[in-house]
Structure formats: structure tokens, C-alpha cells
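Two complexes are shown next, each including chain A; its partner changes from chain B in the first to chain C in the second.
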Partner chain A sequence: MTDLCGAEWIKLWSLRSTPIGLGLAVALALYLAGSNSMHGTLLRSGSMGPIDPIRAAFDGPSWVLPMIGTGMIGAQSMVGEYASGLIRTTLIAVPGRRRVVAAKVLVIAAVMAATALLAAVGGLALAVATANGDSRGRSLTDSASASASLHAIEASVLLLPVCALIGMAVGTLLRHAAATGFTVCALLGFGPLLLRPDGNRWATDVANVMPYYAWGRLTSAGPGAGSTVTAGVAWCILAAWAALSIVITTVVLNRRDV
Partner chain B sequence: MIETRQLTKRFGGVTAVDDLTFTVLPGRVTGFLGPNGAGKSTTLRMVLGLNAPTSGTATIDGRPFRLEGAGLRRVGALLDAGDVHRGRSAQAHLAALARSNGIGRGRVAEVLGEVGLSDVARRRVGGFSLGMRQRLGIAAALLGDPPVLIFDEPINGLDPEGIRWARELFRRLAADGRTVFVSSHLMSEVEHTVDHLIVIGGGRLIADEPLGSFAARATRHSVKVRTDDPRRLSAALTEAGGEVTTDGTGSLSVIGLNTSRVGEIAFANRIMVYEVAAESGALEAAFMELTAASVEFRAGQAQ
Partner chain C sequence: MSTPTKGSRARFSDLVAAEWIKVRSLRSTYGLMVFGIAFAAVAAWWLGHHVKVAPGAASGFNPLIYPYNQDTWSFITVLAATFGALAISGEYSSGLIRATFIAVPARHRVILAKSLVVATVMAVFGALSSVVSMYVAGAALSGQLSGLSLSRGDVLRAAALSAALPVIGALVGMAIGALIRHPVGAVSTAWGVLVLLPNLLGSGTIGLGKAVEAMPISAWMALADTSQPSPHSNPLPTTVFAWFLLASWLLLSLATTSATVVRRDA
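After this line comes the complex of A and B, so read on.
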């Protein structure tokens, strides 16, 4: 298994799109955290001006692009194999398909978790550093704020791997780059923008199980802050997305002729 | 050793491979021939566990390949030179494959050298010519130093030097005692390389025999025979139904009799013969005759 993970690691980093994509995702998260902290969030209506550093660092819309970006990299790990035919070379080298999926899942999830950690911690630090006046002092000393920060970081470290795994499952199902790209954007980006937990019962139920709102519930400052879902359920929703994605990827790859 | 037993694959209503049974033995180069769409690639994919058979079995050294944990040390295969990610360098592509099977980095450099790609190892595969990608595919197949090697149309895109190199490589691998299975849709590509032929048409087995006896199946092609008594042999062959022409130097050209028949007639008449050979193109002719028959057979069945 170590060897297989090593192989997936080489595959991931030998594509130029990986460092560029992850670098951009982190840079964007950091920039938006700082910018949100100094000037208020760019995308939200309502009162503009300086805001709480946690809210600035874990502003929902600011995380949509990193979510889609990691989803795409996850998708690319499967679509790249199918579209190029590399999947055949891979499966001749390693005929046990479940092991191939396991290695991909481990490597992608670990890299995305590290990326998320960098973006979350860096963004929060930047937001704190650029915040002015009393909100800065409060978030550094207040133990409630410290605990909220920790939860928000944990939720984010789970969010991006989940997005990547969703991308992998979609990529395995569709195999086609454009169709996969559209579906990943729809699931992770347009979906949360179109369906909000805004009171309509049906829309609220659907929105609540989206990774975006589950994460927002856990950052307690983000888009799901007013949600009726408990934190425990929100964790379970994210975990369920990950599990479902892994099952889809494994079963589909295992059954299909390549 | 590669074995298929009653191997069958249907895609919807189309039968791509139909009740195919053959064995590919080690120590020789076995050619796998058939016209386009004969089912060669589908058969190879089933052998390699990429496609699941509709019925029947395909095994490598007695076991279905899907059950292997790591494959490169058991089988090396080049199915399609395009089966690589264009964004990776040759080096990275091979390094990932080697790593997945616990093969050291040194071996990557070795096989790159062996196929002549050392100088371009760091270039991205997207910029490679078809011939270079074929060489990369062959390098990947050699990585694990496997006892069984499968190449699907490996000569495509290679330059004359590359073709000669590949032929020598296949012969060398077989001489090591390995099983070497090389597919092609052109007889001319394999006739100088293979010892044994498996020919399929319309998904069915047409021939499974040594190269020499396959060539002898060409009834409409000429056989060259060299003898110390051309006059008497010529008469005997004509009597047996052959059309004989002579070039006046002791060499006869016979149409209508195959090599075995010519040999038998010479032997029966106690005529010394120095050489009996199917003239160049006989294999191609036999291939065309047999596969054309398979196509007609299929059309007849559909009515």
C-alpha cells in the first residue's frame, strides 16, 4: 500500500496543474481572508466594513473557489486516467482495482487536508493581523473565539478532502472532462447559490445536506450559521459525502470494463 | 503461458470474441493476427483483466490476472501507445508505474536507456511522436522484467531502425524463455519475428500453428524450389497439377502446390532438392485467403 500511495503521489505532483491549482486555491483563500477582514466581504450584501476575523477567514463565498478547485483536482485524478487511457496502463501494473482507489483516496485526501490547513490557518492569521481595533483584541484573547477558530479550522480541513473525493466520484462516473467539470461546479458551487436554507422547507432540507452549508454550520460564522442542523449532524453530513464518494468510485471502477 | 478457454465477449448484440481457445507458450514469439475488428484487442484486454469475459476464462500462468496484487513482475504489456497522460514526462510516467510495484528508480533509467529515450526522459509525453510513445510503452512493459510480455500492434509508428530494434527485442525476450505475444493486422509486420501464429477473424479462431505450416496454406501463391534436376522435377510437379516456370538456373517456381506437397513429390521421385520455400508474400496471401473466408462465413451466417 505504501508503494501504491507513493505511485499516486508521483502521479499527482508530476502534473503541473496540481501545484498551480493548489497554490492558487491557497493564495485566493489567504487574499480573501485578508481582504474580507480589512474591507468586509466582497460577495455578501448587507453591512460593509470591518468584520470579525473568523467571519473574514471562513466567509462562505470566499471558500467556494477553493472547494471547486480541489473538487476539480480530485476529478482530474480519475478523468485524467480515463481520458488519456492511462487507466489501462495503471490497471495492468496494479490489477487489484480496490487498492488503486484506496491509494488515490489516501493521497488526494491527505494533500487536500494539508492544503486546507494551510489556507485556514494562514487565512485566520492574516485576518487577525489585518483586523483593526477591538475585534482583533477579542479574537486573540477570548477563549470562546479560540474554540470557534479551532472548530472552523477542523471543519475546513475536512471540507476540501470531501470536495476532492466528490470530484473523484463524479469523474469516475462521467469520465468526460467537460461533463465532470460542469457537474463538480454544480454540486459544489451553483447548488449552494441556488438552493439556500432560507425557510422553504424543501430547499432548506436539500441545502442542509450540501457540504457547503454543513461546513458553514461548523465554522459557526459561515453560510450555515443560522442552520437548524446540530454540529454533530453537520460533521456526519461531511463524513457521509466522503464515504458515499469512496463507495461510488470503488464500485464503478471495479465493475466497469476499461 | 497465456491460456484462453471458450473465451467469449459480447457488447450488446455484437459478439466481438467468440468461443476462443488457445494457448501461448513460453520460449517463442507468438503472433496474434487478424484484420481490423477481428477481436484482437478485446481478447488481450480480457487476458489482462481489463474487460470481463461474457463467458469462458483467460489466465496467465494459470491464474486470472485480475487476482494479482501487483502486475508488472508477472506481465508486461503495451496495449496502446496512447495510454499515457500527455502532461507527464516519460520519467515521471515510468517512475509512478515502478513505484506502484515496488521497483527501484534505477530500473526506470535502465529501461529508458534500453528503448533509447534517455535523452528525452524529462520531456512531456504530449510532445512525443507515435514512435517515441511506442518505445515508452515498451519500456513500461519491460519495467518489471516479467516472464510474460504482450504487445498490441507495437510496430505502428516506428521507423525502420525502430522496427528492426523491436523485432530483435522480441526475439531476445523469447530466447530468454519468456512468453512473447505480439498482435498485428499486417502479416508483413510479424512474418520476420514470430515462430508461431494465432490467427482470428470475426472473433473466431482461424489458425493456431507454426509459421511454416501457415505459409503452406497459401494455395494460390508460388513456391520456389531449387534442385539438381530441374527437368525431371518440373515434369513431376506438372503431372501433380502444378504450374511450373523455370528461370534456367536450377530454380523452379511452382503455383498451385504448397511447400509440403512440393517436398513430397520430390521425395517420391527421389529428386535431390536444396531448397523449398514459400516465396515472399506467401504468408500475406495465406492470411488474406483465410481471413477473407472468415468474413464471408460471418456474412453467410447472418442471412
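After this line comes the complex of A and C, so read on.
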């Protein structure tokens, strides 16, 4: 198994797009956390108001691009193998296909979790450092805020691996680069724009099970913060996306000809 | 030894025919168009179906925002951009671009023919989506709001602009495909540039409303009068500037595609 993980690690990092994508995702999250914290947010009245560091670091729209980026890297890890034909060599070398998927999932999830940790902790630190006025440093001293920041960091560390696994499942199902890219963007990026948890019953229910809003519920900062879903259910939603994606990837890869 | 015969140079109509065969022979062309039209129809029905207008209040509603909804047409535009991006990046990833340029060394003519075919296909797609969307929304709104018919000037204008929006989207997608040449990279960039980035910039946390104002979808909203009533909507460009924006997106995309493909190694 360590050999399989080693092989997947080499495959992941031999692509130029991996460090570029992850680097951009972290840079964007850090930049936006600082920028949101310094400039505040546009209030309903149209003026710019001061903003809580947690809200600045875990602002929903700022995390959509990192979500898409990790989803794409996850998707590329399957689609790229099909496109180059490497999948055949891999499966000849290791006929136990489930073990290949397990190794891939482990490597991708670990890398994405590390990326998310960097983006979340760095973003929060930057947001605290650049906050103006009375909100400066509040989230690290006050115990309620400290636990809220911890929850937000945990939720984000779960969010990016989930997005990558969703990408992997979509990539395994479609196997075509452009179709996969389009579907991942539509699912992770456009879905939350199209269906918001403030519409009618049906739209609200669908929106609540999206990773974006489940994560927003857990960070208690982004959109979905005021949702009727409890924190436990939101954790379960994210876990269910991960589990479902792993099952789809395993079953489809196991069943289908390569 | 064969001597070149007079008139052996490929005529422009031959290039257009070749590009048409390329578009026609891909299954994804049909899938994408059917999906887009179905999406427009379902969205129009969904948006129109939930409208309840109090008696006598109909004059306060703009019926155009149901068939020509901002989110629906952003999606249609991105779908078109995906089509455009694939038209270029697909040739690079399959290697067909080399055969094409060996057959026709004048690359800008190939790009012109390709743009013409892609634009025509997308115009047909846009017109179908636009008309289907309007009639479905009209049916869903019956009894609540009326006026969705092509005989009205403002509706015809919105329908025509909505049919043209996918053309611009596809040409932008072609430029992105020429710059990035990798299908996944090109498709995610198209999404990013046309939908996700404007949304991020317009969400107010960065305060770059000016950048959102320059997007094709903003120009479309300004010209077709399809902006949603909202407590803090982004400012829209003026009519003249909106026409200028649409024209610049179109011409700049064409110029980018042509310049990149001509300059770079195939």
C-alpha cells in the first residue's frame, strides 16, 4: 500500500498543473481573507462596514475558486490517466483496482487537507492581523470565538478533500476532460449560485445538501450560516459526499473496461 | 512530377466545409445543444411557474426577467464558451491542428473559417434557446403576466440579444482555448472568467463593481432590459457603452485567437 501511495504521489506531483493550481488556491484564499478583512463588506445599505475576522477568512464566494481548483485536480487525477492511457499500465501493475482507488483517495485527500489547512489558518491569521478597530484579535482571545474559528478551520479542512473526491467521481464517470471540467464547475460553482437556501422548500432542501452551503453552515460565517440544518447534519452531508464519491469511483473503476 | 494546377488553392468555402465537418462529427456538439435548450426551457418554466401576481399589479412586473434570467443565460453563455474552447483545444489535444495547418498554411484563414462556423452554430443554438425559453415562460406565466410575444418590440430585442449572447460566449471560449490549449484548463478558465469571477467581484467583498460592469452578461442585461430588481444590484453600463462592450468582446476574442494561433507552434 505504501508503494501504491508512493506511485500516486509521483503521478500527482509530476503534473505542472498541481503546484500551480494549489498555489493559486492558497494565494487567492489568503489574499481575499486579508482584503475582505481590511475593506469590510458591502452592506445592504450599500456602504462598506467593518467585518468579523472569521467572516472575512471564510467568506463564501472567496472559497468557490479554491473549491473548483481542488475539484479539477481530483478530476484530472482520473481523467488524465484515461486520456494518456496510463490507467492501463497502472491496472496491469496492480490488478487490485480497489487498492489503487484507496491509494489515490488517500494521497489526494491528504494533499487537499494540507492545502485547506494552510489556506484556512493562514487566512484567519491574516484576517485577524489586518482587522481594524475593535474586532482586532478578538477571535483568538474570546473563547466562544476561538471555538468558532476552530470549527471553521475543521470544516474547511474537510471541504477541499470532499471537492477533490467529487471531482474524482465525476472524472471516473465521464472520462472526458472537457465534459468533466464542465460538470465539476457546474456542480461546485454554479449550483450554489442557481439554488440558494432562501427560495422555496424544494430549492432550499437541494441547496442545503450542497457542499458549499453545508460548509457555510459549519463556518457560521458564509452563506448558509442561517440555515435550518443543524451542525451535526451539515457534517454528515459533507461526509456523505465524500463516501458517495469514493463508492462511485471504486465501483465504476472496478466494473468498467479500461 | 506533378505541376500545381490553377485554382488548387483551397477556397474559403472549402475551409468552412472542413470546419463544419469537424463540428458536425462530434457527438458533444449535439449533446451540448440539446442540454442547453432543455436547461433554458426548464429554467423558464421553473421561474415562471412560481410567480403570483396580485390583481392589477401586473404593470409593476417586467416579464422579460423570467425567460431571460441572468443566471440561466450565464449558464447558456458558459455552455457556448465550452463549445468554443473545445473547438480549438480539442484540435490541439488530438493533434488534428497539425494536419489542418499542413493542408492550409494560412492559419488566419483557418481561424476565420472556424470562427464563422462556430458563430453560426451558436447563433442557431442561441435562437432556439431564446425562442423556446420565451414560449415556455409565456405558458408558465399565463394568467399572471402577459406580453411575452415576438410581436412586441422590447421582447423581440431581448430575444435577439439572448440569441447573440452565446455567439459572443463561444468566441470568448475560442480565445481561451487558443491561449490555454488544454481542455480542462480552458473549460475551467471559461467558467472562471464568465461566471465565477464576476460573481466574486460583485459579491461586494472586493468592491470591483466596475469589472462586473464590463462583462458581456452586464451589457446584455443593460441592452435587453433583463436586470433583476435587487436591493443592491451592480450598476449596468449605459446603452452606448454596452454596444461598445459587446463589440469589443467579440473583436478582441477574434483577434486574440487569431494572433495566438498564428504565432505559436502547433
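Criterion: the second predicted complex is superposed on the first by the 248 of 258 C-alpha atoms of A that agree within 3 Å, B and C clash if a C-alpha of one lies under 4 Å from a C-alpha of the other, contacts with A are read in each partner's own complex, and residues count from 1 in each chain.
Here, a residue touches a chain if its C-beta (ideal position, glycine included) is under 8 Å from a C-beta of that chain, and two chains touch if they have at least 3 such contacts.
Fair warning: this is a prediction, and the values are worked out from it, not measured in the lab.
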Using the superposition on chain A described above, determine whether A:53 touches chain B (first), chain C (second), both, or neither. neither
Go through the superposed model and pick first if A:62 touches only chain B, second if only chain C, both, or neither. second
Partner chain in contact with A:35 - chain B first, chain C second, else both or neither: second
Quick check for you: in the superposed arrangement, does A:92 touch first (chain B), second (chain C), both or neither? first
Any idea whether chain B or chain C touches more of chain A? C
Name the contact category of A:257: first (chain B only), second (chain C only), both, or neither. first
If you stack the two complexes on chain A, which partner ends up touching A:4: first (chain B), second (chain C), both, or neither? first
Quick one: classify A:190 as touching chain B (first), chain C (second), both or neither. second
A:123 contacts which: chain B (first), chain C (second), both, neither? neither
Output check: A:84 vs chain B and chain C. Expected answer is one of first, second, both, neither. What do you get? first
Touching both chain B and chain C, residues of chain A: 17
What residues of chain A sit close enough to touch chain B in their complex? 3-4, 6-8, 10-11, 14-17, 80-81, 84-96, 99, 103, 257-258
Chain A-touching residues of chain B, taken from the complex the two chains share: 45, 48-52, 65-72, 75, 77, 79-80, 82-89, 92-93, 95-97, 99-102, 140
Within their complex, chain C touches chain A through residues 28, 50, 71, 74-75, 78-79, 82, 85-86, 89-90, 93, 182-188, 191-192, 195-197, 199-200, 203-207, 231-232
In the complex, chain A touches chain C at residues 17, 32, 35-36, 39, 41-42, 44, 46, 48, 56, 59-62, 64-65, 68-69, 72, 75-76, 79, 83, 176-182, 184-186, 189-190, 193-194, 200
